[in-house]
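My questions all concern the structure below.
By written order: A, B, C and D. Residues from 1 in each chain.
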Amino acid sequence: MPTRDQARASLVLANHILANEGVLDAFGHVSLRHPDNPDWFLMARSRSPALVDTADLLEFTLDAKPVDPTLTVPFGERVIHGCIYAARPDIQSVCHHHARAVLPFCISGVPLRPVDHLGATMGATVPFWDQRDEFGDTELIVGKPDEGRSLARALGPHWVVLMRRHGAAVAGRSLEELVYRAIHCCRNADLQRQARELGGVGSLTPGEIEKAFSFNLGTRPVMRAWDYWAARLPRRTTARSSQSSGGPEDAVTPP
Amino acid sequence: MPTRDQARASLVLANHILANEGVLDAFGHVSLRHPDNPDWFLMARSRSPALVDTADLLEFTLDAKPVDPTLTVPFGERVIHGCIYAARPDIQSVCHHHARAVLPFCISGVPLRPVDHLGATMGATVPFWDQRDEFGDTELIVGKPDEGRSLARALGPHWVVLMRRHGAAVAGRSLEELVYRAIHCCRNADLQRQARELGGVGSLTPGEIEKAFSFNLGTRPVMRAWDYWAARLPRRTTARSSQSSGGPEDAVTPP
Amino acid sequence: MPTRDQARASLVLANHILANEGVLDAFGHVSLRHPDNPDWFLMARSRSPALVDTADLLEFTLDAKPVDPTLTVPFGERVIHGCIYAARPDIQSVCHHHARAVLPFCISGVPLRPVDHLGATMGATVPFWDQRDEFGDTELIVGKPDEGRSLARALGPHWVVLMRRHGAAVAGRSLEELVYRAIHCCRNADLQRQARELGGVGSLTPGEIEKAFSFNLGTRPVMRAWDYWAARLPRRTTARSSQSSGGPEDAVTPP
Amino acid sequence: MPTRDQARASLVLANHILANEGVLDAFGHVSLRHPDNPDWFLMARSRSPALVDTADLLEFTLDAKPVDPTLTVPFGERVIHGCIYAARPDIQSVCHHHARAVLPFCISGVPLRPVDHLGATMGATVPFWDQRDEFGDTELIVGKPDEGRSLARALGPHWVVLMRRHGAAVAGRSLEELVYRAIHCCRNADLQRQARELGGVGSLTPGEIEKAFSFNLGTRPVMRAWDYWAARLPRRTTARSSQSSGGPEDAVTPP
């Protein structure tokens, strides 16, 4: 198990990787179940993920209340995270995003399914959740506990749930697995869309999905990819990294 | 209300953000109603937005005449801005662009409409304006007051108007809202086009559009995104920013 | 008229701009009629355009023979340039490219036509040339004078000719016009393809094309865009630009 | 023939070029038959290609066993390389990748074929291999000698083989030819897909393919492109390249 400090550093890195790889942009967020207390989770204050630094991280209970009093503003949709952690003890990390790759599926209602061995890491089934079904006209923001619980029910035993006309929630058994799944889910979406327009999409068999899921979520592929994505992050210059105080401009991830 | 100097600095930043995010390129322009005089507006001289600096900003009356005599060349299409400010006292900022994302809609005549919660910030209706209808064969440039007024009428009470075979005009109740709407309008266009090719586009309900419009145009999301886009701008090196005189190459926003 | 030295510097810049904007890549080339002798033209030795420096420029007669003896290797397809200059005294600059944007038209045989005011700078008609028609099975390289003359005939009085399964040749009345037309032709191709898939493409009227052609090829828009594209080129660092000898790595244009 | 040291340096460069041009990403690998012993081949340890340095290179026999005992972890799919070298003495270099450009063909089953003169360097026929046909449900990883031999049989006398729902294997008579073919194969895939959606794809004649194959695989075009792609690699700063020890972050190829 990572220490709290290691967990916090990894969560900042995950913020930057997911922004740099096109999963998160101005909006979206990623969280980590607390390494010392499974009833808490770590998540940044309301800030674009590319700009998040360790000083921005807050701790929340599973009902999305700050553990310590804070003057900073948390994300309005943190209930997504709390409700999924509460429903699924096996899940250690959650991401909510509006990635451009998956939105055409959220908008059209065409189901996302694994089209290659890496896409199999989404799992065999990617369910839809339509906030309208249970809550009528909303601003399409998951801000209330009832909405968060409804979304967690739609996720069920799966790993990714598509939110109609809004985005996706992705879960992982570790932070690194979450990052790996979120990025490969976007890749699968792009490939599925292009293959469908080109000439149709065949299916992986249930057996192929199960085997490819296990193989590709092994420590070796997951960490090889994590190291690669971390190395792709723009580097701070020597001059800048010698500054001790991280201002807002210190964690910038350019396009 | 911002001071005139703050307004000028923000307008330069908006030029750079809109260029860096793919809304403006060699052409297009963004303006701001003057903070001290609602009958004037601020706009750069004729120059690509990525290269604009504060020294390039001019002041115009609503009939698009320079407030002070100037030897520099203004944009030929500044009447777009003047006519929209004259018709709509609620509008504080205007952008005209030829963004690649929206042009396929301008060319095909397929209506643009909100496909997700962020696209709802365009408003429920995005009207078309066809210069040919009223003016016959033109060079597809809006240079005459009559043309500007016709375009402003087509915009009507809405926030975005598509100009057939040419581009778009976008309006906002603040500079930050304008930037936010212009970027999310391009995003919506990309997503709508891809969803349509993938499997069709459902509709947001009028209630969803209204709620998502209000929520997503709140100060918090608008400023979170503004900070993010500003942080994505390429930084000048220390050596270069210590130079006092900003030559043409000093405000460059590479691709 | 520019001096020979100015012409050479501009031609190097045009090489870098066309590479940086995605018109040229490892292959393709751009030339300029000699400012002192209309029966000669300037063109780089066989080298990727992003890497070309002034020392790489050679002078050729219109039958594509080097004016001075040289040990360096010229482009095999320089006859394209010589034959177009010979056939069209009004043309001062020529580019041959395989840009990704126009290749789908060269491959499918769908005609390229102006879809917006900037695309009108291609001219009303973009003819096709199929090397197979006159020369049967070839390696799809225009290396022989007969092939170059056939291509120039296909260009006729127009400004762009698409070469089936190969690429395009573009011409301009100045180097700056050539660069402007080549880039906007690629932009038009992208927009036409996307609009067609989205919902169809209407036509500009002959009058609109004529007016937009004249307006947009005025000095002001052409030079505004030239300055913008030049500013987008990656800058050499101080350390490197102080080196007097330009090795192959000195004019690199990263992606 | 290159010396062993030259071969190793070139193989590192090929890793970086293929990553920078979008053929390889977190996964995929490229190898080179040993310049001194045709029964051995050179290949990196299990690491993302953008991060590979000379210290990462290992030597393998054609049955994919390390020549020297090593504590580092080799790629699980190195049998692809060994089996192709064993079956095809004319092949000096092999690459296995999951490039986004070709995956839509691997997924849809639409055959890839040359659509322009540069695509002709793939050869006239690009066969498919479906691991499922011979091996049933697998994790879609080619890890066993039987699987590698089956894939090599599917490649047959050709130069590229598409692996259903997985990726591709590409071969070359030299490392430079391999890199050239792998990149142009991706380019051909993008163009074929777009041309097909635009209006259909005509065929190159067998004679055109043969001639364009020979011409474009000549030393001059292959080396011009190699120099271009090498120049596009991000450069290490002076400070960093003076460090003697190459840590993981020393060979990073940003996006």
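The rule is short, and it goes like this: a contact is a pair of C-beta atoms (placed from the backbone, for glycine too) under 8 Å apart; a residue touches a chain by one contact, two chains touch by 3 or more.
As the structure is a computational prediction, the values presented were derived from the model and not from experiment.
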{"item": "Proportion of interface numbers common to chain B and chain C (over half same, under half different)", "value": "different"}
{"item": "Distance from chain D to chain A - Cα centre to Cα centre, in angstrom", "value": "32"}
{"item": "Distance between chain centroids, defined by C-alpha means - chain B, chain D (Å)", "value": "45"}
{"item": "Multi-chain contact sites of chain D, meaning residues that touch two or more partners", "value": "196-197"}
{"item": "Arrangement of touching chains [line / ring / star / complete / other]", "value": "ring"}
{"item": "All pairs of touching chains, each written as two labels joined by a dash", "value": "A-B, A-D, B-C, C-D"}
{"item": "Contact footprint of chain A on chain B as seen in their complex", "value": "20, 115-118, 120, 187, 190-192, 194-202, 204-205, 207-208, 211-212, 214-216, 220-221, 224-225, 227-229, 231-232, 234-235, 238"}
{"item": "Residues of chain D that touch chain A when the two form their complex", "value": "25-27, 46-48, 50-51, 73, 98, 100, 103-110, 132, 136-141, 164-167, 193, 196-197, 239, 248-249, 252-255"}
